[in-house]
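By letter and in written order, the chains are A, B, C, D and E; residue numbering begins at 1 in each of them.
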């Protein structure tokens, strides 16, 4: 499934936030390897550092100890070379831009030609099933459609790495299932490396090649579960015994994290 | 007494009509939205006329609305010349200069938290300088013609626009800013593609407050030296001549111009910030 | 506290700019005077000098530069002149003396505070009316905006004469003008504040079948407190400006406004400048006071302030 | 009772030696001797004494006669009951180096003028000289002058209006030598109009109680004036005591009192009909936009001064 | 489980919103009976009218056709007699009141004596496991704790009916499981009638005696599924075949609704 080329590698990563109430150890001694083509899910109770970890990879947060490399270089260099696309929990579209304009935003910043912009916008809109909505404004779309547009935005400049922070958190189960399927297809087709934060056990199990279970106070990795499923995964695998077993293992891991408190 | 009773009756009538209109099914029609304040205003004017006539108020103290209206028509050219001098030359120029300066400083201040922390308190201190104190100084510096009025206006409108623009430039969510970071976007793209658009709703808040300040500033500054034309010149001179109907005619023009200016900014705001929830 | 250094930096920059500006701003007057005192000046006649800008003239008469900082009747006084005048009139005079700026500060402050209370009270009442009555909202709000486009200095003398004819003199007429300027920000802010509760917060009370009065005290009023403070801070400085404006048509007897006027009239720019700065400092102090009260109140109410 | 003995006087400018007579009468107890309780209301920019009178805020006001006559025509029947100022102190002060030597040189120049009802004497004068006040090479450009002499000092204006007793002194205080200046006294140009007179509302005069009150008021005021003329320094200090702004200086007020004394010197308080007529004639000659359109009737009365001065 | 006394009954309910883009048929011909002691879940894709239906029962929205009765009277009368407690999706605590103050709010409005207020506050805080937090302000509590406080607030005046609109939407799975258990216990103990909106299929199946599946445009009921589980339900029942079967049926119902679009 995944090649052995390491794309992201964290070694003894530590991150402490200094707050008025004292320091918060958001990440403690985190070690992780993500290989090219991996689909890695991060799951864990609120506050266990999932977002923080993703933000460190994206150079949106500075670790206070240890090191991360992305494509062999520092996160900052990776960010400057536009190595990844980031999808936030909320769609975060700019309300003063149309859907097309939002998707074009990174392309404009990266100085891509108008003609090429138009081509790319069309392609990614198709990819996320939003043909014909290019000229609509964000508020004219439902939450699910906005979220798809934000994924399209992250895809538009074709980075090899996708960092997704609970992208489907606000959606209902059916829409979520649908987007999960689509995301898997995209991943299978493009061979991107994906780091994906979620709260949902079935989602994590269904999507990933690797499930990273985390636990809070201090934020750390408590378990890393490899998934045996092939790249093509129909939705029904969720009713399989194998699936339920992995889900059970994840749930146990989560519960253990909660009991620690 | 009869006049007072008539006034009370007319007030009651106007209020009753407005209550019906405002709480009725038509209350959201655009025409009704204009009609209600118009009826309110008309009621006040009619009562004013009644009381002035009824109690024989001396016109050198309070002229009747009818006399003011008559002045508005008979003194058209002069009122226009005054309007041109004070509003077009003085207030508008000052408004544009003050607005651009505020925008420039706001963008500058926004580059660093340090500058913002320094500029805002100092700016608010300057906003507290009373106009009657700065107007004579500016007349001294920039002469009696419209330039000094523009300078007073620029100073008066500067602060509200500055504060609102600074607040607006900061009104981006962490996520919106982080997004730009993930694109490796530098300062200018972030400014033009994120901060300035996000600042627009706030900026218009400031621009709207500044409209009324601009008019008042230009008019009041003329009290401290002016050529022999201008709304402030006319108000103070006519007042000294006890031509209060003329004073009020200028006040009416000022109010009309101020409301129109305010309305215009509201209209532009609607166009520019169409995307903001408050406009949808 | 974090702001001290930035403020000092900005103030320092402004002072520097001011210090530089003093030279060209005063050079023409200084050159005229220097000529009378027998110093050499180029060009030699005032009429010729009018052809030069302040900067141009300064460059040509560098030896006169020091004189611009110590000119008795400057166009732009040097900062140390203003500071000196303020020091003299604030600290070196008994505060009961009419030559003390503290005395004049109180003369201005008293009507300011009274007017502020009247304006705030009216503003809150009006805001409540506007929020609770559609008719008020629709008919009064546009006129509240119009009221702010009327030049107050034109209205003030009439108000004062009308009040005078009713035998009302002294503090109150000034307070009324102050109130006129301060009520508007309070109305705008309080309308916003009283309407701040979202649909859910209002629906919650509906599920309890709460009366409008209960809704006001339990929800709308507390929700509006942050907005109220924002308005109060604008309102108090508007009120101060109102009082100063009103000091001209009430017979410029005492107070900051009277000092500004009389200083200007009798060729004593320092008197005017000192009063001007004192007025702005007073406003800043009042606003600062409200900021402190705001912080304490909001903390007590459990609302965090940024 | 209060009504019979209380008088409120509205001045036409801030407290200064121009009004010394009244402050002296107050401080020296001359009003008290007449059984009067007098309140002196300072004026200032933005205060129109006739309006205050109309509003009932004062019983008597000081005013320049052109302004008062204009108010009469506006329908506010004010009447001059006494004229403590015999001579006009109004003049134009110009830079000599502008080349101005006579009124005809004003053409093409910029001149600062006080408005607020005080522009009439100037407009009449220019009209008599046949000089337009709308600018251009053949007319004068008029500036509405603020309350200071800066337009002259900064040469924004070639001439400004000054009073002999105040603004002219300020120009000198600013370091200017008299020989740098040319002055044109209205008095000398034959266009002098009567200045500070005491005016009341016509209707009030019909009330004998009021009339009696005014008689005593004028008598005491004139006593004040004559005392001030003779004791200029003391009078100036009394004015200073009454100045609540605390910004006036003794030197300026003493000098002002000296100049004022010259203007009141010729008057015992009674209006001289010839002076009145000269004022009216000057105003009636006001050209296209005359201040008054016809010879005013009943604009002054000698009843009060006749009784006050026996 | 539930008695046969009808508590809420909707007949041919219709509700149309007039908007700028034309009318929105939020509820169409909705018929439903809820009996005393029922725990009814409403599930359906976004915009299918779940919230609207709950709001109609609470007299926060006026139907444009058909009728509802609550306890045999109109929703308005029911509201006036304070017949129900309503829990909103977000906690919506007033930030200027402490947790105790927030819970006391309805009691103050209903004019209950101070002594009685204190007693009730103590009792409901215990019920939702928040003893000792009475004097804290909302922001000093985590999201889950705030949500529990808002439930306590709805319980404080002891209405027989509880209307809950996605009360656990914003919480993570573990906290949610915990609150689900607590809610079931409370329901079993107090015999209240509960109407409960959710997006989560497992949650709906786990909690309810009756699952109402809705479908959007126009908003309508497409299926009503009775659950066979007893009132006491350990969390493990979620791994039972019966549970999975019902979940499957709900999912199919939801998918059908989505396909309609």
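One rule holds in what follows: contacts are C-beta pairs under 8 Å (C-beta built on N, C-alpha and C of every residue); 3 or more make two chains touch, one makes a residue touch a chain.
Chain-to-protein mapping (UniProt): A, E = ABC transporter ATP-binding protein; B = ABC transporter permease; C = ABC transporter permease subunit.
Because the structure is predicted, anything quoted here is derived from the model rather than measured.
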Contacting chain A as well as chain C are chains B, E
Most contact pairs found between chains B-C
Dist(centroid_CA(chain B), centroid_CA(chain E)) in Å evaluates to 50
Would you mind pulling out the distance in Å between where the CA atoms of chain A average out and where those of chain D do?
85
Cα centre of chain B to Cα centre of chain C, whole Å, reads 18
What are the residue numbers in chain E that touch two or more other chains?
none
Contacts with two or more other chains occur in chain B at residues 61, 136, 140, 223, 236, 239
At least two other chains touched by the same residue of chain C: list those residues.
75, 153, 157-158, 161-162, 165, 248, 261, 264
Considering every pair of chains, which are in touch?
A-B, A-E, B-C, B-D, C-D, C-E
Per the contact definition, I'd like the list of chain B residues that touch chain C in the complex.
15, 18-19, 21-23, 27, 33, 36-37, 39-41, 61-62, 114-119, 121-122, 124-134, 136-137, 140-141, 212, 215-216, 219-220, 223, 231-232, 235-236, 239, 244, 247, 250-251, 254-255, 257-259, 262
Touching residues on chain B, where the partner in the complex is chain D
58-61, 136, 139-140, 143-144, 222-228, 233, 236-237, 239-243
Chain C residues touching chain E - in the complex, by the definition given at the top:
200-201, 203-210, 214, 218-219, 222-223, 225, 301-304
Chain A partner contacts - residues on chain E that touch it in the complex
45-47, 142-143, 171-175, 199-201, 239, 244, 248, 251, 254-255, 257-258
What does chain D use to touch chain C in their complex?
11, 14-15, 41-48, 51-52, 54-57, 95, 97-98, 146-150, 153-155, 170, 173-177, 243-249, 252
